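In what comes next, chain A is part of two complexes: it sits with chain B in the first one and with chain C in the second one.
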Partner chain A sequence: MIRYGKLVHMEVRRFRYFLLGMMGLTLVVQVAALIWKTTGEVHRLRAGGAPVPFFGFDKLTFTWAVFNTQAMFALPILVSAAGLALYVFLIWYRDWLGRGTFAYRLLMLPTARRNLYLAKLTAILLFVFSLLAFQLLALPIEQGIFNLIVPAEMRMDSYFTDIIQANQAFSLLLPLSGAQFLYQYGLGVICILVAFTAVLLERSFRFWGIGYAVIYATACIAAFVVPLLTLGFDRDDAYLYPKEIFGILTAVIMVVAAASIGLGFRLLSRKITV
Partner chain B sequence: MIEVENVRKRYRRRWVLDGLSFRAEKGRITCLIGLNGAGKSTALKAMMGLTPYQEGSIRLEGMALDKRSYERISFVPDHLPMPSAMKLGEGLQFMADFYASWNASRARELMHFFDLNEGERVGNLSKGTAAKYNLVLGLAPDTDYVLMDEPLSGIDVFSRETVASVFSSEWLEGRGVLLTTHEIAEMEHLIDHAVLLKGGRTVRSFDCERVRDEEGKSVLDLMREVLLA
Partner chain C sequence: MKRTRYALTVVLCLFALGTLGYYYAFASDERLPPFQLVTVEGDAKEGAALELSGTYGGRMYSKPLIVTTEGSVYRLQETLAEAVLDSRSWLLELPGLKEIRKEHPNFMRGKSSTSGWYEDEEKLIYADAVVSGGQSRTARLDADLLDLKSGKTSRFSVPLPDQKYDFAYTEDVQLVGDQLHVLVAQRKLEAGSANLPTVYVDYVLNLSDGSLIDRKKLAFDWKTTPGASLQISVVTEGMATAPSDSVILQIDEIMQKQVSEHVAAELKLLNEKLVSYSYSTDEMKELPSLFKPGDEPYRVFNTLDGNVLTSLRPDDDADQLEWTRTDLTTGKQLASLSVTGEQLGAQDIGSSFAVDGRIYVLLYPTRLNVPESMQDDGEPTMAAVLDADSGKVLYRGKVVSVDPKRSAEKELKQLQLNNLNRRE
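What follows is the complex of A and B.
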């Protein structure tokens, strides 16, 4: 357990500059977009321009600013998401590639190899939730900047839920329903597990492993998508109730997760090669 | 004792280890000798669980190898297996964090002996300096056995002398050493036991001293006889 914690610490340390870079990029781009959009509108209104009503209100709100900077607010989030998606693979390959094959050292640690797998998984989840938490922290800061730019007589307060719903990226990443949050991020975790197993298949069987990895990933996707399409989740005349279909899909997801973890652990302890 | 018995490993439709058997004893320096592709490095990797094998067994003091074995056997691969961005001091701390057998005072002695700077980054080391640091990581733990893959490969003559001097030092006293090398001439006087490999199998295993005394042959002579036959 202690060694697992140390492995997680090591993985976080190795990615810390990238993570801080993503956070910095998010803050800089969003603040720049906010300042550019808000100062422009304040100048326009001061020059006698007519206010553009936003959901029936003439005054400027932070929600208005977020709504009108859709692309620039979403861009750093998408870049970070793409970076993390790539890192799901790189977190393994960086140990094999380069001048020193660190995988030698990691595989020779006197600890169960599943700890390597779990530490990498934990690290990825920590990065995802750190970025989410950072975004949640950045919003009040950005709101403060908005309040500094817009005179009190020109603005009115926003509700947090309105701010989240004002940007498509926010509403996707920060679902307001707890169940939706769990389902969405649960599915994300399973995608990471499938990707990890695919990487381990490739690392274990090399050339043939690429084929096995593609087959495995395709089978996992099919296991989830086929019932989704065939059981009529979105049809009124479906043979099963939506709750039953949801139950079947949840069971399928659990099987995929268990198979991925089981196969991943086995490959790491028995088949992996450096 | 580490016992390797009838180990067979298949890679790309070829048996790279084909019934390999030998023993490495504590307190002795055993050398795996063979031409390129004979299976020397693969044998060491298989012993450390870094590559799977299909048949046979590898045992440490009669027991199958498991995660605890890494506290008793250390491995010095033919390259330095540490991230380029890591400082040497951080590498030592990493080892101390994970290995109960890590001996910090011995690590300091070795760092001093090899004149290594803890503030240096792994990626900035020359090949010779990387080989020395690799030895620090392999020799500092209180392990019973040390496996080394080509410890003298690709390093300059003075670094070789320094590295070679380690074999007759107190740092290896009482420990079992298993190494592979192509530099037989330089290492011959240090080796107790030689295992000649050809096509992934042991073709001859002998005590160097005995062969010198009884047959009047050097390891190199026997290599020519056996491996080039």
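What follows is the complex of A and C.
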């Protein structure tokens, strides 16, 4: 357990500047977009421009600002998401491609090798959730900046949930339903497990491993997508009932997760080469 | 130094868990106002069956909700699980079909027509007219039978004699003695087809061997105004599986114009008739209709409860509702009544429907046909249940805002309830 914690910490330390960079990029781009949009509108209103009603309200709100800067608010989030998606692979390859024999040293640590796997998975999840948490924290800061720019007589308060729903990226990444958050990120975790196992297949069998990895990832995707498309949950004349289709999909997901973890642990302890 | 070695990871964990935990525990709650349907007069049990649905508009996006005597439930973002689990709820929760799904789930598999069902004490039958294939299309009638006493199932499939039609839909299924009657609507789809009539055929099958023993094309002897066409629809049963000797057809004479190859723009409803067709005698009989010249399409709402036909008609100003009840077996009119919104303690009548000998009415406190600025907002939407045969008020209830910390008037102003349903 202690070794696992130390390995997680090592992964966090290795990624800390990238993580801070993503957070900084998010704040800078969103604040810049907010200032640009809001000051422009305040100047227009002060110059005698007619207020443009926003969902029935004439006054400016922070929700209005977020709604009208869709792309600029979403851009740093998408860049961060793409960066983290790439890092799911790099978190393994940097051990092999880095200085000297770092992967060798990691594999020789006096601890179960599965701790390496779990530490990398934990680190990725921690980065994802930290960025989400940072976005949640950034919104009140940005709302404060909005309040500083817009005079009190021109603005009115926003509901926090309206702000989340005002941007498509927010409502996708931070669903208001806790259950949806668990389903969404639960599926995300399984995608990471499949990617990890694919990387370990490639590291274990090298040239042939590329083929194995592609086959494995394709099989996992097909195992989920084929029943989803063929069992016809949205077809009125489907043979199976929705509850049965849901049961099958849940079982498939569990099998994919168990197979990925089991195969990953086995490859890491028996097959991997440096 | 050693104590702070893991500080970065610990802080990051606490930050992520704390912020997301706070968000899902408090901040993601939209804190939407609760509403409730409370009894003004009558039997509270009648009110417990009501479900008023609409939207609450006090947020950026309107929030769909349902109000009952138990409180209000907002239909917010659908989760991935709900998207799968509720995917066919419109079909699987229908009165009659819901019971079949629970009692005979294997028999119901793969059966999607809502009007292809028949059930009595001995048999459960599903029949469906199917047109399959492209150029070499075949039209056939499939029927599945479940003997409720022995649990045995049987299936037969017969080709339909009319192969020229591109579209076939089962409108009604009834059993008369040993003969299975399947009423099928058939239509050709081709250029200018919007004005081609839909043909209604009663296919009669021998239940013992599944053979087609007769086919009766329903003839509607009605001279139409030049340029007008007849639009026929089957009056729906309150219970999808209910046995009945006859089917009621609503025939609308509509003046319409073709706007594209397959689409017609409806222009004006010229006349409307109700006709009953008896499966046992083949007799077609015209029934009294509440249609009045100048009515818009679908103004009169007809529904069938066993052998009793109920017709509802709100007047032009939506402040009065009239209805008739006719026993189709005897031809006797059981009731011809009306009620105004004011008699029920409101101004205008919203939606209304008849089920199980009751009339369900949604009531608005303000006039619908006056400018918004003149409306007296903040008054509650109401619902009433009346006895269909006597017109007696069985229940009257109003929607209230139940959070004492909020301004009831302000919250009710944001509430728009447009639909009334009965919970099963």
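As a working rule, the second predicted complex is superposed on the first by the 272 of 274 C-alpha atoms of A that agree within 3 Å, B and C clash if a C-alpha of one lies under 4 Å from a C-alpha of the other, contacts with A are read in each partner's own complex, and residues count from 1 in each chain.
Simple rule for what comes next: a residue touches a chain if its C-beta (ideal position, glycine included) is under 8 Å from a C-beta of that chain, and two chains touch if they have at least 3 such contacts.
Remember, predicted model here, so these are calculated numbers, not experimental data.
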Clash or fit, chain B versus chain C on superposed chain A: fit
Classify the contacts of A:111 with the two partner chains as first (chain B alone), second (chain C alone), both, or neither. first
Applying the document's definition of touch, where does A:241 land relative to chain B and chain C: first, second, both, or neither? second
Chain A residues touched - chain C or chain B, whichever exceeds: C
Quick check on the superposed pair: does A:102 touch chain B, chain C, both, or neither? Answer first, second, both or neither. first
Quick check for you: in the superposed arrangement, does A:14 touch first (chain B), second (chain C), both or neither? first
Taking the superposition as given, tell me the minimum C-alpha spacing from chain B to chain C, whole angstrom. 10
Where on chain A do the contacts from chain B and from chain C line up? 6
Residues on chain B engaged by chain A in the complex (per definition of touch): 45, 48-52, 67-71, 75, 77, 79-85, 94, 97-100, 122-123
Mind pulling up the chain A residues that touch chain C in the complex? 5-6, 8-9, 12-13, 16, 55-56, 63, 67, 126, 129-130, 132-134, 136-137, 159-162, 164-166, 171, 174-181, 183-184, 187, 233-234, 236-243, 245-246, 249
So in the complex, the part of chain C that touches chain A is made up of which residues? 5-6, 8-9, 12-13, 15-20, 23-24, 27-31, 57, 59-61, 76-77, 79-81, 84-88, 91-92, 101, 105, 109-112
Can you check the complex and tell me which residues of chain A touch chain B? 3, 6, 10, 14, 94, 98-105, 107-113, 270-274
